[in-house]
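So, here come the structures, one by one.
One chain, subunit A, links the two complexes that follow: it is found with subunit B in the first and with subunit C in the second.
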Partner chain A sequence: MVKAGRRRLSRQERLAYLILLPALGTVFAIVTIPFILVIQQSLSSDDGTLIGLRNYARALGNPQLYDALHATGVYTLIVLPIEIVLGLTFALLVHRTVRRPGLRAAIYVLAILPLVVPPVAIGVVARLIYAPSYGVLNVILERLGLIHQEINWLGNPTLAMISVASVDIWQWTPFVYLVMFSGLQTVPRESVEAAQIDGVTWWTQFRYIELFYLRPLFILILFFRLADVLRVFDHIFILTGGGPGTTTQLLSLYLYRIEFKFFDTGQAAALAVVVLVSISIIYTVIARFLPLERA
Partner chain B sequence: MEPISRREFVKRAAVAGAMFTSFPTILAACNSTNTSSNKPSKLTIAAVQGAEDGPLKKVAPMYQSQTGITMEVVEFPYDQLFEKLVTTFQANGSSYDLCMMDDPWMPKFGTMGALQPLDSNFGFTRDSDIPSIVYDVGTWPPPKGPVPPSEQGKTQHLYGITIVGNVEMFMYRKDLATSAPGSWNDVLANAQKFNKANFYGYVIRGKATNPASSDSLPILWSFGGDIFDSSWKVLLDSTASIDAITFLTQTLKKYAEPGAENTDAGDRDRLIAIGQAFQSTTWPAEVTGVVEAQGVSQVIGKMAYIPIPQGPSGKGLGMMGNWLLGIPKGSQNGSAAADFIKWLIKPDNMKTYVQNGGIPTRTSLLNDPTLGQTNPYFPALAQSLAAQPNWRPRTDQWNAVETIYGTAVNQAVAGLKSPKDALTAAATQIRSAMKQAGYPS
Partner chain C sequence: MRRHRKPINLPRIGIAVVALGAAGLLYAFPLYWLVVTSLKSKGELFASSVHLLPHNPTLAAYSSVLIDRGFLVLLKNSVIVCLSTVVVTLVLGLLITYPITRLQVPVSLRVNILTWALSLRFLPPIAVVIPYFAIVRTLQIYDQPIALIGIYSLFNLPFAIWMLKGFLAEIPLELEEAAMVDGANRWTAFWQVLLPLAAPGVMAAGIIVFTFAWSEFLFALILTATPNSQTFPVGVQGLVTQFEIIWNDMAAAGVIAMALPLILMVIGRNYIVAGLTFGVIRDK
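Up next, the complex of A and B:
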């Protein structure tokens, strides 16, 4: 008896695998092999001796990790809700009020711009806005008579966090807008028109018709933005360098310092594995809690 | 065109793929013929982007025209250069024939065995016109001060030659003050005297990590404090160290610019150059790049440059920040790279280098009155070098120590912690990091 799993591959299937091989090989070479090496490094000392989970114990026992996690959590809780609400609001506004294709295209281009600017450049510009003594924001606020004394945007812990978060919000709200706007284009016009004939309100139309089509996109946005927030580095490095103290030292900056300042490769590798596993768990949870259309 | 069979398509694709993947190997093989010859066609220098490598880029073509060797300067920002070099050295890569190195990197590279010895391999000897401290800073293991445990007993070699003779100095507005501050008490008195609305008595470079560390170390030392003693015992929580950081972050800070915890060198230079501050520490590149730069600064000729003022310890200790040129172990063009360094430090060539904005180490050039006219800080730099400035602790753990210490100073500047609490916590962290790296705790 021939087992189902052992059946011979057809010629077409073999060809399909053969064609897939270069792509899979590339993924294996640039993703899988480095990940295996990171795991190996996380279990080894500097001289390559296997030391079990000692690097993990050191990584998780470092109190600075929890400061960095706290900073990352605060940053995420500021940027993600604001970006989603703002992006969605803009998308709904443009979708419902702007009818001229030329204007829509112009808004589209404007929305693309922040996404293509390198984060380093954004960091430099943001520093010109928030910097003490010459920052544009303080000058404007002073000229408007709203403040009489300079605000220390980057030196006060709370304001520093808000300042670095504002840069993220400026850069990534357009991404949410673009995704949501494209999602709104998929809402069947007949459903909307039928609802409008029935006299639905602005909110009801969104709540019971459009939101249904946008739900899978929320997951997409959460997936992308969560990964981005964990990688955010450049503008914070330029704006505050993680300061004052370690107030804005997010997880990525902390990891960078462990690897490139402390040269503690073992601890950095252990941290990288912990972060990867945690992210996978978080993503699985997100995917289960939110309704996702499956093929 | 005749249609081809599926089998034939796969075969051809495989051949094309094999050719594509072997292309770099073929190229490398072609390149190896060049590198094995005595006179290479090209030397590649990994350099730091900014005022430090500008003069090098200007004089390199002269060497090229004299020797026919193409000089390629590959620039990286400060942090990336260090990371690039470490990863290149770890892989024993041959991408660079020469590398620019900040002097605190020497312990890391020395411990890694990443560089070719310039004395035994290429016959470099000390020149009496160049202060001995400049050679000492390029020597590993260090000829003075504590030696890392892993390096004790190793033979000393010269691994780097200074091409940017940076030493941290002090600057003040000579058009306002009647005399130069001789001590940190004088600095404080001047800060009090000249501080007024929109004109700050002192500028603190207090941004977290490297900036705060570099700005505060000369004060720490001048007050008799230190990070380590001669046996690597951590002294950061000693009374003298706490007094020094209290002086900077509380006493002097009263007269400093707002947002000092976020001020870096560029912000400091800007305040000085637009005439909004009286005094601060400074590096030569800041002087040439901004404070005395035509078309940029409003205080040209109004600033004086002096060695770091004395503290309660009776010493005024400047900090070295030399940039050296070294030859990576992986370079296959060691001899040619060494020839370039020898060419660069020849008196005539170094003079041309200085005329192009370079910061010399030769005493004769630092004391040259003609050069001094365009570089008003040269006499102070000569004095600072002659006074044997301090270098940052010669440990391969320096980057970790600096990050911890610079964060603690920043916390104190920002008022997030008292100087005592910040330094006590930093001392504990440094002890732990050093113990883990095999140093006596």
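Up next, the complex of A and C:
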């Protein structure tokens, strides 16, 4: 009996490998071939001769790279804290005040909708709002008597950064809300009720009870939002194209420009390798703290 | 005994109403304005004062975008690319998740595959597209839908693997085993027992992959050049970056671009958060 059982087990394993090998092999090849190619590209000149690390020297010596990193950093520092604070605030607010299941479900559906709107389409909406001479935001502000002169939202470096960031905040705050709200549902009711009998304040209840259950979710949000911020491209491309000047040219837009506007494949490939290596390091650091069910 | 009811906290409810109302306005108005602009006539675009309410609405911009500018072809390309991506991603996803959830394999294999799939989620598209562009040109599939289908499938696979793994793991092994005891082979048990049970989950994964592929812009911008393979977002971009923007056409294109994902999401609503968070957030 034991023997038969063991044999069936190994047969299952063999079947598993038989199915997995071609599937994983294909995917692995599709992922790995570009990696090898990009390293080769980064070490070659345009005619294909190997030139060592010269592309890397050019890539890292280009002052525009640091402008792009700076813009990415500023964007991240605007977007992430605001999204987390707003998303968490709304989650707490709805969790504490909205009791009716129907209303909660309605808010849920409304909150998932922004997540699936194509960023290109949101870029279009943002254009209609911020564009000079046609943007509706200036029209509204003028009618309310708040401004008397048109504000050039996309032409001023600071305002342009705020404008592109606002689009990100519009699209992704609901994601933070949804994650935090469902996290709040896992807080055991007994501990909250016990605390309420003790008469704790709103803040204490959050700080000492609920926050404990939300902690892993902060890491989760940080992980996914960071992955997305590093690949932000679409709505900025549509809204400002990286301008004015290069003030909203985030890392993705910068790489795009080097490769597809200046056709400098060597430098772009070197940058891509640097980006891939840095991101794997960030990934390795964060991933181990993720509350995922891997087994 | 009646459940103890907390006294209604009026100030807090007031804050909630104001905050939710403000948020609702901030979300509704931009979308409202998009639709209103798309319903404007060419003449109204140049009117000196802007009307916040619709004024002689017309569907002219929609026919201008779809027919005159030929965007119907781009819509067709988008549908072909997205459906093919869904099929490839789901087949690959099932081929990878079936063995690790339904067959007895070492736990380390499972963990390694899932961790590897998760790491792909962090892959920045712009860094991948630089070598992929060279590959596509070498294979002479530049400006062909297949170039997009390949890369879309790769980038959606992590979501598909994690979602499918969650759904498959929830179905009791005994059901297939019972079928196999009754003489069904593994394929029949998979096709006639497991797949019908997993169908809602597989459908949900398909919907999410479809909406992601539908929204994708960077790869489409770089890997396509003509209406032979351009997808709808590339067309939308063309309307925005041209020298003189035709606002109502641009808005109509925006409405068309977001219509399908919004409809699909109402169907797949119970799964989107689970999909986006790789199964960490399960409940609705």
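Everything that follows uses one rule, which is that the second predicted complex is superposed on the first by the 257 of 295 C-alpha atoms of A that agree within 3 Å, B and C clash if a C-alpha of one lies under 4 Å from a C-alpha of the other, contacts with A are read in each partner's own complex, and residues count from 1 in each chain.
We take it that a contact is a pair of C-beta atoms (placed from the backbone, for glycine too) under 8 Å apart; a residue touches a chain by one contact, two chains touch by 3 or more.
Quick caveat, the model's predicted, so the values are computed rather than measured.
Peer 1: Go through the superposed model and pick first if A:F233 touches only subunit B, second if only subunit C, both, or neither.
Peer 2: second
Peer 1: Counting only touches as set out at the top, which of subunit B and subunit C does A:L15 meet: first, second, both, neither?
Peer 2: After superposition on chain A, A:L15 lies in contact with both partners, subunit B and subunit C.
Peer 1: Thinking of the overlay built on chain A, is A:Y283 touched by subunit B (first), by subunit C (second), by both, or by neither?
Peer 2: In the superposed model, A:Y283 contacts subunit C only, not subunit B.
Peer 1: Considering only touches as defined above, state whether A:G241 meets subunit B (first), subunit C (second), both or neither.
Peer 2: both
Peer 1: Classify the contacts of A:F262 with the two partner chains as first (subunit B alone), second (subunit C alone), both, or neither.
Peer 2: After superposing on A, A:F262 lies in contact with subunit B but is clear of subunit C.
Peer 1: A:Y108 in the overlay: touching subunit B, subunit C, both, or neither? Say first, second, both or neither.
Peer 2: So A:Y108 only meets subunit C here.
Peer 1: For A:Y213, is the partner it touches subunit B (first), subunit C (second), both, or none of the two (neither)?
Peer 2: Neither partner.
Peer 1: Of subunit B and subunit C, which one touches more of subunit A's residues?
Peer 2: Counting residues of subunit A touched by each partner, the higher count goes to C.
Peer 1: Considering only the touch criterion stated at the top, classify A:P157 as touching first (subunit B), second (subunit C), both, or neither.
Peer 2: A:P157: touches subunit B, not subunit C.
Peer 1: Kindly classify A:Y134 by the partners it touches after superposition: subunit B alone (first), subunit C alone (second), both, or neither?
Peer 2: Both subunit B and subunit C are touched by A:Y134.
Peer 1: Under the contact definition given at the top, report the residues of subunit A touching subunit B in one complex and subunit C in the other.
Peer 2: The overlap between the subunit B and subunit C interfaces on subunit A comprises residues 15, 22, 131, 134, 241, 260.
Peer 1: Using the touch definition from the top, list the residues of subunit A that touch subunit C in their complex.
Peer 2: Within the complex, subunit A touches subunit C at residues 9, 12-13, 15-17, 19-20, 22-24, 26-27, 30-31, 33-35, 37-38, 41, 89-90, 93-94, 96-98, 105, 107-110, 112-121, 123-129, 131, 134, 136, 139-140, 170, 175, 178-179, 182-183, 185, 196, 217, 220, 224, 227, 230-231, 233-234, 237-238, 241, 251-252, 255-256, 259-260, 265, 268-269, 271-273, 275-276, 279-280, 282-283, 287, 290-295.
Peer 1: Subunit B touches which residues of subunit A in the complex?
Peer 2: It is residues 15, 18, 22, 131-134, 150, 152, 154-155, 157, 240-247, 257, 260-264 of subunit A that touch subunit B.
Peer 1: With touch defined as at the start, can you tell me which subunit B residues reach subunit A in the complex?
Peer 2: 6, 10, 17, 79, 82-83, 86, 108, 207-209, 211, 257-263, 267, 270-271, 276, 396-397, 399-400, 402-403, 407, 410-411, 413-414, 416-417, 433
Peer 1: Hey, which residues of subunit C end up touching subunit A in the complex?
Peer 2: These residues of subunit C touch subunit A: 6, 9, 12-13, 15-16, 19-20, 23-24, 26-27, 30-31, 33-34, 37, 50, 52, 92, 95-96, 98-100, 103-107, 109-111, 113-115, 118-128, 130-135, 150, 154, 157, 186, 211, 214-215, 217-218, 221-222, 233, 236-237, 240-241, 245, 247, 250-251, 253-255, 257-258, 261-262, 264-266, 269, 272-273, 276-281, 283-284.
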